[in-house]
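Below, chain A partners chain B and then partners chain C, in two separate complexes.
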Partner chain A sequence: MDDDLISKKELLEITGISYGQLYRWKRKSLIPEDWFIRKSSYTGQETFFPRHKILARVDKIINMKDDLSLDELADVFSPNAGETSLRSIELIECNIVSSLTLDLYVEIQGQQDDFTFDNILCIYILEKLLKSGELSRDEGLMLVRTMEEHYGKLAGKNGELVLIRKMGVSVLFLTESADQMYFDKGVKWVIRLPLASSIEELKLKMNEREEE
Partner chain B sequence: MKMSGSRSDSTQLKDLRITGNGSSGGGQYDKVKIMGDSIIHGDVECTLFKCTGTASVEGALKSGSIGCQGNMKVHQGLQGEEISIQGELDVIGDLSAQTLKVNGEIRVEGNLNVEKLKGQGALYISGDCQGEEVIIRGSLDIANMLNGEVIEIKLYGPSRAREIGGGKITITKAITIPFIGKYSPGAYGAMQADSIEGDEIHLENTKAAVVRGRNVTIGSGCEIGFVEYKNEYKQDHGAIVGQYNRI
Partner chain C sequence: MEQKQQSRHDLNISGMGRTGGGVYKDVKIDGMGKVGGDIDCLTFTSNGTVGIEGSLHADSLNINGTAKVEGPTTLDKMDIGGMSTFKDQVQCRAVFINGRAIFDKGLKSDTVEVGGILKTKEDVQCESFSVKGHFTIEGLLNAGQVDIKMNLPCSAQEIGGEYIVVRKWKSPRIWEQLHHGFSTRLKAHIIEGDHIDLEYTEADTVRGNDVSIGPGCTIRLVEYKNTIHQDPEAKVGSCVRI
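Let's look at the complex of A and B:
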């Protein structure tokens, strides 16, 4: 467990950021509250962070802070839906999703003029998983139906998308956290996708579009 | 912060006036003016909330500008752009504002989030206090963390915060005029914290287990267990520091 945590001091040493920056980012919600883990040490209390998450996040903030304001960045990292809605032609033209995936989505959900952020997120995840080969077309159908029906209940939280298979039968579900889940031996975890990271990727892609 | 009730539709909203003793069910208003003693049984959303006397909002209050001379209590969170208090403010739930000016006492059972906080008096917060600029003359008691870009505290009473973090942190003791033969309790303020971390740190009369920063000055009256600094370290001879290290 300790290998997965990094102390605040070590974080500052590795990344070269200052206390002021760290606290500023915390104030602006660029670093989620629950990443600050307080533990006792010989000097009293010390703060630790989940190593991989915080290093990746700090790296992203440093790379992007010249182009985006801190408030815009906060928006990128927030699990809340973006406000934009796009037309199908914009989705394709801006390379957010491919027309193949969009067609599949339309086939399942029907044609629509505007796609809300949640719709786009669903299509984006669908494309990502189809491309990586982890998801079959039928499972894609399950994904779209599940997302459209239930994603709203997880909105604003850091949900996860999970796909498990047993004996060729797949089960797909959304959950707030898949950390504490145990199955029998025949069950294989196929996909475990934190929605927050996809939201982040998508928001960045959509931000690039606005800049063009 | 976004406030509903833009100018165009606020003209359609009515004002609420309570003079003397009165109560209201709450709702949406343009201006709410209270003179006297009042209870509002519900949420209030308005562009201006003014209270001279006592006001108790049993729901949430959301207003553009809030002014109070007297006592005010909000039971389910307070959100405002400009808040100015002369007297006492009690909030159960979070308090968020662009600017908050206090002359008196504030109690928040929740978190306090502001851009700019200027206070004279006492501040009690059961959660975190966050702001870009936090300037306080008086005493404070923050159960969790005080986080600010600029934090300036002039100590006029016993103060406490679990953690203090930010860009520039200055804690100084108040200049008191000694009265001959007269002991004035509370005039001598001191700060107590578990840890203080920032870029520029200047402390007086502060007791802390750990202080970490880029440029650290430990002034008179301090008792610090452990200091870590990056660039510069100064210590007053009237300060007690257990150990200091350059990192």
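Let's look at the complex of A and C:
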């Protein structure tokens, strides 16, 4: 575990940001509270961060802060759903999802006029996984049903989507954290997708749309 | 949101009274009042003793006596002239404390102005934090601008921000000269910021871009990036440029 942590000092050295910036971002909830890990070291108490997560996050903030205000950025990173709802035409015109995926979704859930953020998230994840070839069409069906029925309970938390297979039978589930989960040997992890990262991607895509 | 649409009524308690809570326009308590549940109002004014057993949601809170809130508190403006205790998280936009306020959990606000005493058991987060008096923060003080003028010993576990200025407010008192332990100083474990200007501060580690260590400071380790200024009367264990 220790190798995956980065000290605050090292983080500032690598990224070139200042203490003030780091604290400001923390105040604006751009960096989640639970990434600040306090540990004692030979120089007294020090703060550490999960290395990969924080470096990726700082990189994103630096790249995007010219285009978006800090509050808008905070919105992108928050696991809460956006408030926007879009019509099917907009979804396709703005390249958020392809019409193929949308058709599949409509086939399962029925025609809708407006798609809420949660709906769009579901379609977006569906498309992402179908495109990457990790998900079969039948599993896509499971995904949509599971998301529509249970996602609400996870909303606002950093949930994960997990797909496992054993002997050709697939099981799909949503969980708050898949960190502590152990299966027997025959089980293969097929997908482990943190919902928060998809939410981020989707919000960015939708933000681009608003700017255009 | 629905409730905002409904017509709100005023609530007045003069003397002794108890209410179960609810949605009101202006709440005024003169004397002793008890709120048995959650209360949502536009203004909440108390000139006596008040206890709220649930949560408090108001645009403005004005306390001139003693008050105790058990539940989470969301406010726009808070003005404490007496003694207040908040048992749960407090979220506010502007906090003015001229009396004594104790937060058993954290405090989040845009601005915090203290002219009296502030005590928190957890973190304080705000854009601007200015104190003329005394504070004890048992967690992290995270603020854009920290402006501290102390007239009693102050302490914070950690301080982080952009501008951090610490000064002594009044000339030494007579009993301070008699006993060193009473002396007005700030105690902190770690102070980190872009511009740090300290006086009469005891800290383990100070890290920043531009650091100025004034008289009366005792600091084990200073790490700076651009500039350093050290008063001859300050005690600094080691000073490193990074």
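As a working rule, the second predicted complex is superposed on the first by the 212 of 212 C-alpha atoms of A that agree within 3 Å, B and C clash if a C-alpha of one lies under 4 Å from a C-alpha of the other, contacts with A are read in each partner's own complex, and residues count from 1 in each chain.
By our rule, a contact is a pair of C-beta atoms (placed from the backbone, for glycine too) under 8 Å apart; a residue touches a chain by one contact, two chains touch by 3 or more.
Note that the structure is predicted; figures quoted are calculated from it, not measured.
**Student:** With both structures lined up on chain A, is it a clash or a fit for chain B and chain C?
**Tutor:** clash
**Student:** A:Trp189 contacts which: chain B (first), chain C (second), both, neither?
**Tutor:** In the superposed model, A:Trp189 contacts neither chain B nor chain C.
**Student:** Do any residues of chain A touch both chain B and chain C, and if so, which are they?
**Tutor:** Touching chain B in the first complex and chain C in the second, residues 9, 13, 18-20, 22-24, 26-27, 43-45 of chain A appear in both lists.
**Student:** Can you check the complex and tell me which residues of chain C touch chain A?
**Tutor:** Residue positions touching the partner: 125-127, 142-144, 160-163, 189-190, 192-194, 204-205, 207-209, 221, 223, 242.
**Student:** Which stretch or stretches of chain A touch chain B in the complex?
**Tutor:** The touching residues are 8-9, 13, 18-20, 22-24, 26-27, 43-45.
**Student:** Considering the complex alone, what residue numbers of chain A touch chain C?
**Tutor:** Per the stated touch rule, the residues are 9, 13, 18-20, 22-24, 26-27, 43-45.
**Student:** Applying the document's contact rule, which stretches of chain B touch chain A when the two form their complex?
**Tutor:** 130, 132, 147-149, 165-168, 194-195, 197-199, 209-210, 212-214, 225-226, 228, 247
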